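The following blocks contain the structures, represented as structure tokens.
In what follows, subunit A forms one complex with subunit B and a second complex with subunit C.
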Partner chain A sequence: MNKKTKIILSAVVYLFMLAVVADNSFADNLADKYVYSLFNENFNGATQEAGTVYDNIKYNVWNGGGNSRPAVDIVADSTAKEGNKYYSCSISSTTNGWSGFCYTFVTGSSNVETRRDISAFSTLEFYIRPKTGDVSNIQVGVTDSADRTVSLSSLGVNNSSHTWQKCTINLTGLPSVNLINIKNTFLFITSNLTATFDLDSIVLKRSSSGSFDAALKNISDSSSTTKITWDETVLGSSWTAANQYIELSLDKFESDTWKIKIYTNNGSASKNGLVAVTDETKIIPMCWRISKNTLPNSDGDTLQIAQSGAPNYALYDKGKSATDPSYYPWFYMVDFAEHESGDYDVAWSYKGFHAAKDENYWGMMDMSKEGIYPKVYLGADFTNALGGLTYRANVKLELFNE
Partner chain B sequence: MNNKIICLLSSLVIVIFAAVFSYAADYKVFSAEIVFSSVTPASITHSAITTVSSINGILKAKAYVDFGSNNLSAVADLRYYVNGQSLNISTVSKGAINHRTEFYIATPKLNSSDTSVSYQLKITLQDSSGSTSYLYWPSSSTYQSVNIVNSSSNVVTASGGGTVKFESGNQQYGDTEIVFSSGTFATDQTITITELTLPSMSPSYSGGVSTSQMVALYSVTPLGITLGAPARATFYYGTETSATRFELMRSDDQITWEKVSNVTTDLTNKTVSADITKTGYYAIYVSGSLSDNDYRPAKRVVVQGRDVFKFNNLSDGDSVKIYNVNGKRIREIKSGDAEGFKWDGRRDSGSYAESGTYIYQIKVKDKGKLISGTIAFVK
Partner chain C sequence: MKKILSLLLLFGCIVLMSNSVFAATEFTAEVSFTSGGEVSFDAVLKKRADNTSATAITWDAGDISIGSSSVEWKAATVYAVLTSTITKASGKVYLYQNNKSTSTAVKYQATTPRYETTNQIYSGLVKGNSGGGDGNYAPMTFMVSTVTVATPDINPVTSEYGKRYFIDQDNSNFVKDGYCTVVDSQGYINAVDGSGNVQHLAKQTTGYMYFGAGFQNIIAGTSYGTNNIKFEIVTE
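Let's turn to the complex of A and B:
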């Protein structure tokens, strides 16, 4: 066999191995994401619920020996580390044995177990909140041809601290791991212990930095555009929505308390709106709203902006006036120069979309493998606008890591 | 310390500062802009007038004009043809108006021989620079046709009732209409409201109303039908009176008249309303002048919980004050109070007054004087 033939045969064998060993198109819909959510409400991925398959990842709970299967329930409350949901886990051992749960790659309509290449990802991260028992010896990791795990204690988990603690597994550092041939991408193994704990924000991350993006689109046909505008006939009208919306896209997760803020960037706290070009004392107030949906929609969400009376003068969706308007708010715009310290200018954060006024009701429903692209709508009050003037504003959306 | 060390320390401070405080990683900026021209007429809002009363005879159009600027001057023209003859123009001008203004533009009183009118609204807006813009309704080249009529009919169904409305063509004031509920008639019934010419001499009325002050006369036909359920009737009494008190009379033959009770007067819309129980002729009279006794309560003594003092013939703007014998006011009753002009013995605080004699003081806005008297309240 000559050298050329050897090379060709080697290449064929290698390609064959690639085809047999692993499917490189990890996470069918999200192959190019820098942050892949296994259980995180703000990022695209496969947010898992028991008995379901998302994005070709199946949630499995198992036991062996005398252990009972872990109880893993999704709980929604304000103590979640991220969004408003987390796993509440309970493990009970009566005799020697193993139990645990994992996310398994599957394929086809029958959800046949398969292998995937996750070598593009550098870390597997999650939060744990120990509650009762001792979680120190729980093993966490992935499975290729065998389980490749490390203990929670080796990840620095303090069992006596009942607070959220971050765990970061360096995937390439797992002993003997073959990341191009992964069956279980998140594996939790317990042995002979009784414990309760919570898990949240389980993600795979690539080593590269990812991206934050915002795109301006026309409401009329969702086409891209470059300027936020209103029709000239709004002059003299009260609060009116602009003809465009800003679609956000986040694939970057550098801080666990990230925030995307929105404000005008006009250089003065008093210029929190459209400013007349020839007379900067003339200001048209602006407002904004964020929604997971394209508005208006068949659910009765409208782009008509209503205003309540004294003392709050709150802005809300006029189409929702029959319900509690607090759930459908528009927020008065503030300028960056005001250095807003609260959440008033936060459109999206690790807690979710700022889709309601109450801190406990940040809108984060229905997250799944589908793309998470919240939409920011803008409005302005033209009641006191003046004819013959041109008004302008810079609207800035900024990702903060705090 | 040399410059190199200073530079290194400065760099270190900056690095530490950046690490300690929050930092913005990424951002996107979008520009927003809106350009308003100096005059930006947005719209004219007007409901078409389709009929004008041949007797009241005035077409008066109400129009809202919305526009963008401040301190514009505006001229509203009502351009109209009578009987298809030459163009007439009625004009209303306004200056220094902002964003929205309301116009009423009227024709002079039409002649009884006129049969049709067509009209168009033209609004001219002008800013301080002289820039001018025009708005038209229905359009710059079309006119709204109006019929000059004295009656209106509608079918009132047995199952659903219905409304018969006679529009005067004057949009500043109310219209004449009767609302019939279901079950008023056993079978479907066509009801016609006709506005009639006032008789040269008003018919006499034994109830004390002046015989010379009829201001509107309607027939509700077919005559003589007793309604299965009361119908709410509103009659427009026209613009040619400044009177504020009216009475509604009903007759089967325009000879013998009876007073309709519980009539309310709407001075803003120039209408009177009452529940009627029979078709027939309905006339609106200016109420004759009332004596002081017509306002006083009929009962001089009232026992708590059994009756109340009722003050009569009072309306918007009138008031009643109750004083104890020491001159301290304990209650004020005004138009708009839930119980009307009645006193049940309660103070303003809601508690009952002590048994005893009290002084009432009636203030009648139109009479410009106070009417006083005493009453006794028993607990």
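Let's turn to the complex of A and C:
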């Protein structure tokens, strides 16, 4: 046992646990996911909710020697690398003694530390933004029977650059590591160092690619279905939500600037809605919104749609606000042929789900228990719809890197 | 040459990498309105002078020059207030004449057409008791507006846009198409081009129809009229 391991084991006595009991009912994301989130607001895994960590994993922070315990706070602001939250870390250590933090695997509700097999994962990836002090010698890695770490400097971190920098640890390349017997992951340890820095988008990733899925479900009972529909009674009605929603499932992390766009794929820019089958000049405008959970929800979000007046004609939630608000969660549908250059057709991206127009993206860390499966709802304005016609649209969702 | 090709290939790769699609899913959205929709239409005549009700489309005789050898286009003193609701794709309203009709008074009945090139034309105002024929018609026009017009310009020659000729169901080139359609599910029709493409006015329930006629070589003591102007409401 090397010196470092000894110190950490002794530190267990002083362990300060932020975690509460893991939820047994929670999915085993470690076994199921290609991308396992440790601190990422868009992927499932050990996602956190106010310091509580699920999926049979707990978050630990400790201090070694006579040093102060590292401060690891969740901060929300627009400078986050991913989503809108990040870890703001502060270490104040003037003597030797290993302080740090990590995620420790536990066994269900017993909260007993255990070992897990993470050999399916090939890399541990995260972003760091150095602020003060020299972070070069901070060690990062995992613990099996001992700590298996590498320094930030070996990962290419430029301490003098106070910008987000990506670190990728090749797990199999960690010295003497046994990935089928891991106790701690994202082990982050320091000694005799005073520094501040930020961390974000901490994930384990498999070498093989995962998937992006979109499942169509009926609003009435969440059963699966194959077509987006409205009742015939909507003829002549203004904006009305469809009877279905699309549930998104993302387990594929190929790019740090990924986006999921939604648009009609009807073949021309003007066909950005439901197109009459027998007369393609007749088009019903469509709209969409995305929510982190099903609608209507306890936040008062509804599926009632209204349009504001001139000059914006923006679409808002009439059930939540009877009059024109400043919050517009519904977006007009665009067609692929329009080649939208902004983000008006972006439903979900690395910044979070597109909660409202004007760059309102929200991360979904608070969905840790339920899982991160945002829902896309669709609407259409049938004011000028005509009897005797069938209207149809191809609605496409696409994961891509811009 | 080799260098240039390499540069082009590199550029191609950069473009490809900058916008990579990883996965996509497509759904069909569909809604069918098989039985719904409404077609309703009404037309009410009113006097331009005071907006009171009228029962016939008339012209002011004092406004028409006697013996003029050139065509004088004159607006009728009466206009029609149209009211329509068409929410059915097949719904529309045709407007045309039936001057050969024997179901009304014979005074303005046309039995003989006039000729425009080789087409036999029966539309317009018919000289009383003439039975039609060349020189015995005054062609009629109409225009539709979304607002009332105090002095409608119905001259189709000097101000062609938006002015449309009446046609008769017995004209040899008569077809029920855009040329005789007043309103459809997209609203009132303002103009029809030479290819039959229609241009609609801003969609609204109410439209205002103004009438005109081209008078030429009018002799004192004669009258012109038409027995049968028909709005045909198409629902299927």
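One rule holds for everything that comes next: the second predicted complex is superposed on the first by the 344 of 402 C-alpha atoms of A that agree within 3 Å, B and C clash if a C-alpha of one lies under 4 Å from a C-alpha of the other, contacts with A are read in each partner's own complex, and residues count from 1 in each chain.
The rule is short, and it goes like this: a contact is a pair of C-beta atoms (placed from the backbone, for glycine too) under 8 Å apart; a residue touches a chain by one contact, two chains touch by 3 or more.
These numbers come from a predicted model, not from an experiment.
Considered on the superposed subunit A, subunit B and subunit C are sterically incompatible, since they clash. When both complexes are overlaid on chain A, the residue A:L152 reaches neither subunit B nor subunit C. After overlaying the two complexes on the shared chain, residue contacts for A:I246 are found with subunit B and with subunit C alike.
Legend: residue contacts after superposition of the two complexes on their common chain; A:A306 is shown touching neither subunit B nor subunit C. After overlaying the two complexes on the shared chain, residue contacts for A:L315 are found with neither subunit B nor subunit C. Legend: residue contacts after superposition of the two complexes on their common chain; A:C89 is shown touching neither subunit B nor subunit C.
Of the two partner chains placed by the overlay, neither subunit B nor subunit C lies in contact with A:V106.
When the shared chain is aligned, subunit B and subunit C each come close enough to touch A:Y391.
Overlay on chain A, subunit C versus subunit B, candidates 25-33, 169-177, 187-195 or 205-213: the clashing stretch is 25-33.
Subunit A uses residues 211-214, 216, 226-230, 232, 234-236, 242, 246, 252, 254, 265, 274, 284, 286, 378, 380, 382, 385-402 to touch subunit B in one structure and subunit C in the other.
Contact residues of subunit A toward subunit B in the complex are 211-214, 216, 226-230, 232-236, 242, 246, 252, 254, 265, 274, 284, 286, 378, 380, 382-383, 385-402. For subunit C in complex with subunit A, the residues that touch the partner chain are 18-38, 87-91, 185, 203.
Listed in rising order, the residues of subunit B touching subunit A in the complex are 22-40, 42-43, 66-70, 98-100, 127.
In the complex of the two chains, the subunit A residues touching subunit C come out as 211-214, 216, 226-230, 232, 234-236, 242, 246, 252, 254-255, 258, 265, 274, 276, 278-279, 282, 284, 286, 378, 380, 382, 384-402.
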